[in-house]
Each structure stands twice: as structure tokens, then as C-alpha cells.
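Worksheet: one structure, shown below.
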Amino acid sequence: MLAKPSERLALLERMLTMRRFEEEVLRIAKDHPYIGRQHLHIGHEATGAAVAAALTPEDLFHTTHRNHGYLIARGADPGRAMAEIMGRKDGLNGGRGGPWHLCDRMAGFQSTSAMVGGSVGLAIGAGFGLMKQGSKAIGVAHFGDGTLDEGICFESFNLASILSLPVLFLCENNAKEGQRPSSMLAAKALRDLPHALQIETNVVDGRDADAMHDAAKGAVAHIRSGKGPFFLQAQLERWPGSHQIKPEFPTGVTDLSLAWEEDRIEGKHADWTRDHDGIRLYVKTLLAENAATRDQILTLDKKVKQRMDDARAFAEKSPYPDPATAADHVFA
Amino acid sequence: MLAKPSERLALLERMLTMRRFEEEVLRIAKDHPYIGRQHLHIGHEATGAAVAAALTPEDLFHTTHRNHGYLIARGADPGRAMAEIMGRKDGLNGGRGGPWHLCDRMAGFQSTSAMVGGSVGLAIGAGFGLMKQGSKAIGVAHFGDGTLDEGICFESFNLASILSLPVLFLCENNAKEGQRPSSMLAAKALRDLPHALQIETNVVDGRDADAMHDAAKGAVAHIRSGKGPFFLQAQLERWPGSHQIKPEFPTGVTDLSLAWEEDRIEGKHADWTRDHDGIRLYVKTLLAENAATRDQILTLDKKVKQRMDDARAFAEKSPYPDPATAADHVFA
Amino acid sequence: MTVKTYAEAIVDALTISLNENPKFHIIGRGILGHGGQEHHAKPLMQNFADRFTDPPTAEGATASMGIGAAMSGLTMFLHFGTASFALEAWNQLIHEAATAHSMSGGQIKVPIVFHMYHGLRGGGSGQHSLSPQAMVANNPGLMVMQPTCPRDAKGMLRAALKGSNPVVWVDHASLLGQSGEVPDEDYEIPLGRADVKRDGSDVTIVASSRPVLWALEAADILAKDGISAEVVDVRSLVPLDEETIVASIRKTGRLVTVDEGIQMCSVGSEIAALASEKAQDALKAPVGRVARVATPVPFSPLLEKAITPGPDRIVAAVKRILA
Amino acid sequence: MTVKTYAEAIVDALTISLNENPKFHIIGRGILGHGGQEHHAKPLMQNFADRFTDPPTAEGATASMGIGAAMSGLTMFLHFGTASFALEAWNQLIHEAATAHSMSGGQIKVPIVFHMYHGLRGGGSGQHSLSPQAMVANNPGLMVMQPTCPRDAKGMLRAALKGSNPVVWVDHASLLGQSGEVPDEDYEIPLGRADVKRDGSDVTIVASSRPVLWALEAADILAKDGISAEVVDVRSLVPLDEETIVASIRKTGRLVTVDEGIQMCSVGSEIAALASEKAQDALKAPVGRVARVATPVPFSPLLEKAITPGPDRIVAAVKRILA
């Protein structure tokens, strides 16, 4: 667990930034229907922030269609990220990638693939490349439970294991029984697959930021010490809006005061807010353990919201790229 | 174990037919260089014959580049099989398939794929199709240890397991440490993979025809009873000629008398002949257990050889298909 | 005749086939996409629940399963979703489904329809915008169907499902909501026939799938300028109806092709090559090709628009060769 | 200058690159096939053992590993073996390697050469005879190189390995033993340039890879009949050197294209389309296309021969359009 309250507060700030970012994206999607379907990272923040905090900027990260949280958690500029989601000139990818492909090389991201399994295959390449370049940095593959259905995921586990590549396989399991898309793996547990390939595994409650951070630190230490790949699985509850096609706030805009006024939690998805929102749970913990005060937290949230307002303003001001540049960057 | 000596002798005949067939194929490859690289089934006969004996003609079989043994074991005509390997008009596929793709629908074979992993994916389809048609027959996928490296093999195991398909996964493990091609699977044992996907597994000494037959009967019974797929692994020693590019007889033409004159076993590959030739071992067993006499066996072998001579003659007489038919059968 | 959407016409064909053939099975979910027509598939999936299989996200083995099942006696309809995902099963399409019949000397049949949505969709970006028609057509053994109107969709899908061959069926999501007259009775439109969707005399515009709609719009615009354009809907890319296409080119003496995919080694390239081989003497002008600009699809709406061939670019191409 | 085989020229380029660039790595085994030239790779694999990685039979993840490694700063050479096997990695080539640079707005570079052997090889049958050039070229973001002579092979491979882009390098096993003059020093041949391998005035034959050898043979035969054929070696399919190709077509006024793959949506289709667009007015005769007969490759030698385009069919095509 993070020792200093300041560190834990910083972790909470990361989580809040991720959440408020996605909430803004929902508003953006409402106001600009052209950007289409979003796969938001809401509900995965404790996992994302904790893992990001355990990495160094040199570590190369490959994420998926559900990438926003990680870009923000690793320090990508929210304004440029929103601009990218809106297909604007100042977007991280110059407007060419869009919401499914946010990429910020400066923040340690390589190509972001929306092909299920794409991030896993590319990340073992990152690990291979870093290893051959004598770096201590590692490759990270973020992916969901459903990704284990794809053969390339299995093949990548196997390659990483036989070549002992420095790769963190970060699996966010948000499966919901019988709800598609979700993994349809015959294994008793997802970890049985990497385990069969002799990859160290650990399964952690992805809603618990402290536990997740400890687990991530342990996994990264294992990998950096040259012991080969590690499979870290975060157990998550799927956020009701995870695969929505139209933009809505199924669980409402996050209200931090629900951390100390639980009886006000209500509505169709009250259970999600009560039991599965890692942010609300972390606020509760910090308060209970006197690591922070309500005021500190509300002030922090205010600051984050302000950042998002500024980011949105920046993105809205950014022009669309010049159509004459449509075929730029086909080749380097 | 097969109860009646007559049944065991019949099993030996199947094995001998497979072996003498491949020996003739080697001669054919020498005489007709155009047919190119062969992947012979020599050394796998005990496995192939025993499994074939446990199947019914309705069971649909998908095999690989190393397919000859199974075609012969399941009753395909040796003459037409040789003709196919020689690309002749009377070949099983009319000369269109060649040695890597022998197919005989009448003997219960569907398309024979030389793509590593191809047979596994197609065989779960056979199982799916038979199940949906209410048949008691099963699909069989024959493949080698190296096939487990391919993602499609993993995906197929998973599909068969979640859909509980009637499929026998028959893995011939002829891996040789550090010798390519061989499986490069990070698992401690090949079976760990299907096992992780909750598929029943069994590993048997593929040189032991009796043991293999019992195992195959058990696996097939499991599948027919509706319990889902089964992974049966035959442990084999790679025959020295398995991946040869030029046709040679590394272990010489099979001499059954070496079953009772062991001190005459010699040469570079004496160990293979002594310890790994399932045919020699089975002859020894039958003699030791008085299930057959040397004369019976030598007579049987003579008969088989005669069949192969006739088959070769038939194939040699068969003309090449008319070039005007080159583009036939593109569509049904 | 009833006016129906393209999606309803597809459902018609599937329903008739499910009723007619107990060995007809469907693998995949979301066969009508997410664009507002998906409800038409609901009754089907309820009434024939036992004929639908929902696969894991494993395109390679799922395709192989469909192929092997077709070999064993079933007729299969396998839905990939976005055409891009089909690339995960490319080897299974090209080397298993396409080769089995020929390689077995005619012993094995593979009656399966591979269904997928191709093309630019608005925000599909670099990984969800593939138009794979030309890639598929460059391999023998796979039929390729890409109808445009509800009537053709029903008749051609019926023909495909009564046939014995692997068919790659390429739809465009934007067609699903298009409506048109559809015969109520069961009927087949033989595979391998192009269709002249509009008669004209000055220029032949050859297109397939969504570009046919663009070509018809372009023809309207051109008509205002007194230019008479004939629009040929390829419909069946493999087998290709060379006679109908070449006849139209010879008649008008001018050709403009339209592809939603990129130009290099495209369907348009093939049609233009046909013209240069079989209508050279009848050509009064250079051939014009309209296609997607050759770049991975950029997300930004104006960039995507800039690379999208549409009526305007077709009109411009026609005027260029008429100049 | 030294006379070397094509295989030796490839080894030259790899050796120079391995010495020059410590971040250059090779994945795959048997890069020089099994046809008698493979021994040239032995010293390389011994002297640079730490730069070679032998992958499992898992083309998809292996390709992804190469792509991700290239993104991270290495230069990669990834050998697939037979081109057919590359289809198991098709999605990784088309949707990852080809799109990363553009989709990231230029942030990510993917310096990787995907090496494979294409084409008819004698007994390859339906699953080991693929010529994937046209399929690759139908997707933006991948360069496609297919040299024919040792000199071009060395210079183009050096250029590819010093570049920053994904390159699909399509060799034909039968080229490996071909010998020719190769400069001893290090040099580059810029990617994107065609090469006129033989000057002529009556007809232009456009080919690439092994078909160039057929075209040159055909030119010799035609010369005996007083027909002067110009042979253009495409060399670089993407980017395509339109100027050189069109200039030759305009000069001779006649075009015959040759493909080892099938005709539908082929490279030949593209070249013929180019002619119909940019040389229509200069064409004195219909275009002729020579290609593999459209069928899964039959094993039987006479059948394979019957579908193989060769010098004779090229000669026949030229005489047909000259008639």
C-alpha cells in the first residue's frame, strides 16, 4: 500500500481525472453525434490509476478500444485527448485516430489497436524490442477478458513465456455472465490459460486501488528483475454503460458526496454505485483511514473538473484538419 | 486390449499395410522426383491403426500433411492413394490434391489441410455438423505437437469445449528436443492446454498398439456418450526421415525378422528400430503372448507387400489427368 | 410485391431457408448491425433459437467450424460483423473454404455464406473500414456477392443458400435501411449476373454495393447537364458477368468505375482492364476510375469525407473523360 | 562487381545491415528456402546468432511481435516462409503494420520487412502456391517489393532496411539460384522505381518477380519473328512507378501484362487500367493479360503446367494483339 497520504491522494486524483475525463467524453458524444460509439473506461479507474502509478515513462503501453483511461492516467494531455476524440487538428493523433486509437508516444504509448487481441501481440513486440535494446523498461498489454478468446492472445502468451519477454499482461475482467461481449473461455478461471503456459499470475479486486497498486508493483518488479512475463487480472464489474451505442449516463454524473451520504444512493444502478465504483470506495477508505478530509477531496475534484472544462474548451476551439492532408502519413 | 488373437492380427495387418504403403511412397518419390517432399507416417502406425480401429466409417476425419497412414488405415484404396501421390487421373482426388491433401470421402475423410492447425479447426466443424444432424458419429482432428503453437488450435479447443462438440483431438507428439519443426509450447506438457480448457485428456505410449487401442476406445466412448471433446496424445519418437526433403530409407526397409533376431539390429538408427518401431514391438508382443506365429506374420506381410506391388502397378498405369481439365471443380 | 428494407429482404431469405432446410444453421450475432434495422432479426432468433450459435471472439476457428460443418452436410451462414474482422480468418477463407472442392477433386462441397459489412461507415478509422472485395476476388474458389437493393438481396441470398459453394457476401451497413419493392413469393436471382440499373448512352458507370447508389445519384445530376449515363450494378463480382458489362461499355464507348475501396488492384482496375481487352476499339475516351483515396482511413469526419468517393467525384470523372 | 546468386545478394544486404545497425533483428528460420541456396545463410546465422529469433508456428503473434518491436526502435526482418502462411497474420499486416503510422498521426514508425516466397513451385497444390502481391497492394500503408535480379535485390533490400516503413518483400524460390553481376560496395536502389529490363518498340510487356524472366524469354522468341518487345520490371509494386510504365506503353502503343497470380483484380489488372486511363490515346491494340488460370492450384504436374503462365503464353498474347 502507498505509505504517504499524499501519495494516496495523488492516486485518487489520477482516478478522478480519468473519471471526469470520460464524463466529459459522454457530453462530447452527446453534442457531437459524429464521433459515434464510445467504449468508456468508467469503473476501471482504480485499476488503471494504480497500474499507471507502478510504471515508468519508458515502459511501452499498448491499449485497446477502451483506452482513454490509460492515456489520461499516464499523463496524456486531456485537451489533446478530447480533441482527438473529436477528430480535431490538435488531437493526439492529429485527428486521424479517433476515440478507439488514442496514441501519445511521449506518454509511452505505441499504436493503439481496436482489434481484439491487437494490443497483446504488439505489446510482446514492445517487450522484445526493449529487451534487445538492453532497456530495463517493459512492455504492457492492456486488454479485456474477451480478448482471451482470440488465438493471437494465446500465441502471444506463449511467445512471451518461451522468450521470457519483459511484458505485463494486464487483463481487465469486466465480464458479465451471459452478457456479450464477454469472454467465452472454457477455462474455470481466465488465469488458467497463462498459468498453463507457465506465466506467473495474480488476480486482484480491481475496485481496490491500494490492493491493485501493490499487485502492480509486485508484478512490475517480477518483470524488471528478468523473471519473464506476468499476468495480472483485475476483477471488475462491468459499468452499465460499457458497451452502449448511444451516449448516456446510466449511473449519473459521479457525486463524491455519496461516499459519506450512502443513503442517497438510488436508481436502477444503485448497486453499481454502492459496491463497484472504485472511486467512491477509495474516497471512503481515505476518509475512514484519515488519509484525507472531505474538503481536500472536494477541492481536488473541483480542480480536476476545472481541468476538464479547460480541456473541453481547448478541444472545441481546435479546428478540423485540412482535408488536403487526408492522405498524409501513409508512409514515413 | 483386443481380446481375440484374430483381432490383434488384424490390427497388425493394418499397421503393416500403412508401413509398406509408405515404403512404396519412398520408392515412388525416388523414381518420380516431381512429387517432391513427403511427410511420411512411418513410426506412427501403432497409433494410427489403433485409433482407426476404434472409429466407425461415419466418423469424419480431418488429417494433415502427414496423412497417408490414416487414409490407408481407414480403408482408402492404396492404388488410388498412390495414384494421387503421383498426381494421376485415378488418384483419390483425381490428381488435384497430391501427397499433402489425400482425401477420400467414402473412407470418412473431409478436406485434408496442410496448413498447420487446419485439421483442428475443420474437425470441430465436422463435430458441430454431425451433432446438429443428430448423428452419433464424431469428428476427429489428427495433428502433431507443433500444431498446438497455432492460435487456431487453441480457439478450436475452446469452441469444442464450450459447445461440448463430439470431437476427438488426436495429437501425435513426435517432438524432438531442440529439433525443428517441433512444438515450442511453454506448457510443462501439451495436455496442460486442453486441460486448462476443461477438455478430458489422456497421454499414451503411441508405440504400443494395444494400449493405444484401449485409450482410443475409451476416448471415443466418452465423446459418443455426449460428454464433449477428448484430447488423446500419442507419445512418439520422431522417425529419422520424418521431415526429409530428399527421399531416403534412413532406417532401411522394415525387416520383420528383426523382431526375433534383435542382435541383427544395427546402423546409425538402430535405437529407433529397437525401441521405437511400434510394428516390431507389436510383432514381438504377439509372438511372446502366442497370439500369432512367425509364419502367420510373414505370410501376412507377404500378402500386404503383394497388395502394395499391385497398388504401385495400378498407379503407374494410371494416366495424368487431361490438361484441359485443369480448371475443373473450382465451383460445385 | 411489398416495399421492404434491405434488412427485411435479408430476413425474408433467411426465414424461407430456415423453414425449408432443417440443416441450415447460422453462426454469429448482430447480423443486421446496430443501425436501426437489427430488430428485424429478433423474431428469427427467437423462432429458430436452436439454429443460431453465438461464437466467442475467435474468427479463425469460428470460420473453420462453419466450413467443416458445411462439408459435413449443413448449409451455413456465418456472420463476421465488420469485414475487417474477417482478416482474422483470412487463411481459413482463402486456403480452406476456397480450395476444398477443387483440391478434393470435387468430393467435398462447402455450402457456406460468409457475411460481413464493408466500407467507410463514418468514424470507422483505420481498422473498421475495410472493403475486402478485391482481395477476395483475387483468389479462386470463393464467390463474391454484393447486391445493392432489397429485391436483389433476397433473390441472390436465396440462390447462395440453395447452392453448394462458399460465398463471401459483402454488405454495407448503409444499405440495410434502403427500401424497395420485394416480391413476396420465394424466388432466386442466379449468381453471376450483373444488372443494368439505369439505361444510358453517353457513358457507362460500373459499380457495386453502396457505390451503385452514388452512381445513380451521379446519373441524375449528369442528366441535368444532358449527359446520359448507364449504371451497371456488378452485383456478383465472382463469377463476373463480363458480357453485360462489356456490352454496356461497347454501347456507350466510355467507362467510369467506382470502388469504395482503394484503387490499386481493385474491382475498378479489373473492369477497366476488361474494357482495355474487350472494348478497346469501342472506347471513345480514356477510362476514369473513382475510388477511396489510398490511405488508412482517418477518423476526422472531414478527412474521411475527403477520401470517400461519392456522386460528386463520379460526376467530375464523367465530365473529365467527356471533355 | 562480382557474379553472385540472388540468395547471395540477399545475404549481402542482410550482412551489411547487421553490421551497420545493432538494432537490426531477424525473426524466422529458413530464410533462403530449401532449394540449394540455404547454405549461404549459415555463416550469417552463426556470426549473428544473437540477432536471430526462431519463432513457434504462430504467424499472427510472431508478426505482431515483429511489428511492436519495430515500433519500439528495432529494424526487423521477419520471414514467413511460404507466402500462404502469411495469411495467418493478415490482420496484423493490414490492420496493424499498415495503419500504425497514419493512425497515430505520424508518431509511430514501423520499420519491418515481411519476407515470403510466393507463387507456383511445382507441387505446391492449393495451399502452398499463393501470390499475395495484389491482395497486399489493395491496402494502403504497406510497401510491396518484388525484385528479380541479384543487383536489384541487394540494393532494394538495403533501401528497405534503412527506411522506416513496413515492406512486404515477395520473393520467388526459383529466383534464389539466379546469378548476375552485383556491385561489391554498399548501395541502395530507391524504392518506387520500375526498371526497363529490355528495350523494344513494338510492345511493352509489364511483369514483376519470376514473370520478368518469362517476359525476357518471350522477348527473345519474339525477336526471332522480328517483333521488338520492351520488358518493364515493376520491381516496386507499392509505390508504383507509373511514369516509367506509362511512358513505355505510350512509346510502344501496345501492352501485355504478366501475373503469376490469377487475373481477377491483379497487378496486371492495375497496369491495364493505368494504360486505359493514361495511355488510351496511344494504344494501337487491345491490352493483353497473361496470368495464372483461375483455379486452386492442382497438384498434378501437367495440370499445374497448364495453369502456369510462361514464355509461350506471353508470346501468344503478344502475337494476338499484334494480329
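By written order: A, B, C and D. Residues from 1 in each chain.
The definition used in the following text is that a residue touches a chain if its C-beta (ideal position, glycine included) is under 8 Å from a C-beta of that chain, and two chains touch if they have at least 3 such contacts.
If you're wondering where the values come from, they're calculated on a predicted model, not measured in any experiment.
Across the two candidate interfaces, A-D and A-C, the one carrying more C-beta contacts is A-D. When you average the Cα atoms of each chain and compare centres, the chain farthest from chain B turns out to be A. One simple way to say how far apart two chains are is to compare their mean CA positions; for chain A and chain D this gives 42 Å. Note on chain placement: the centre of chain A and the centre of chain B lie 49 Å apart, centres being C-alpha means. Note: centroid distance chain B to chain D, computed from Cα atoms, is 38 Å.
Touching two or more other chains at once are residues 55-56, 58, 60-61, 84, 88, 91, 95, 99, 102-103, 125-127, 140-141, 294-296, 298 of chain D. For chain B, residues that reach two or more other chains under the stated contact definition are 91, 93, 95-97, 101, 113, 115, 118, 149-152, 155, 158, 162, 184-185, 328-330. Chain B meets chain A in the complex at residues 149-155, 157-158, 161-162, 184-188, 192-193, 195-199. Only residues 23, 25, 53, 55-56, 58, 60-74, 91-92, 95-96, 99-110, 140-141, 143, 163-165, 239 of chain D touch chain A when the two sit together in their complex.
Residue ranges of chain D in contact with chain B, taken from their complex: 29, 34, 54-58, 60-61, 84-85, 88, 122-123, 125-128, 293-296, 298-303, 305-307.
Chain B meets chain D in the complex at residues 34-37, 87-88, 91, 93, 95-101, 113-116, 118, 146-147, 149-152, 180-181, 183-185, 245, 320-321, 323-330.
In the complex of the two chains, the chain B residues touching chain C come out as 60, 62, 91-97, 101, 103-105, 110-113, 115, 118, 120-130, 132-133, 139, 151-152, 155-156, 158-159, 162-163, 328-332.
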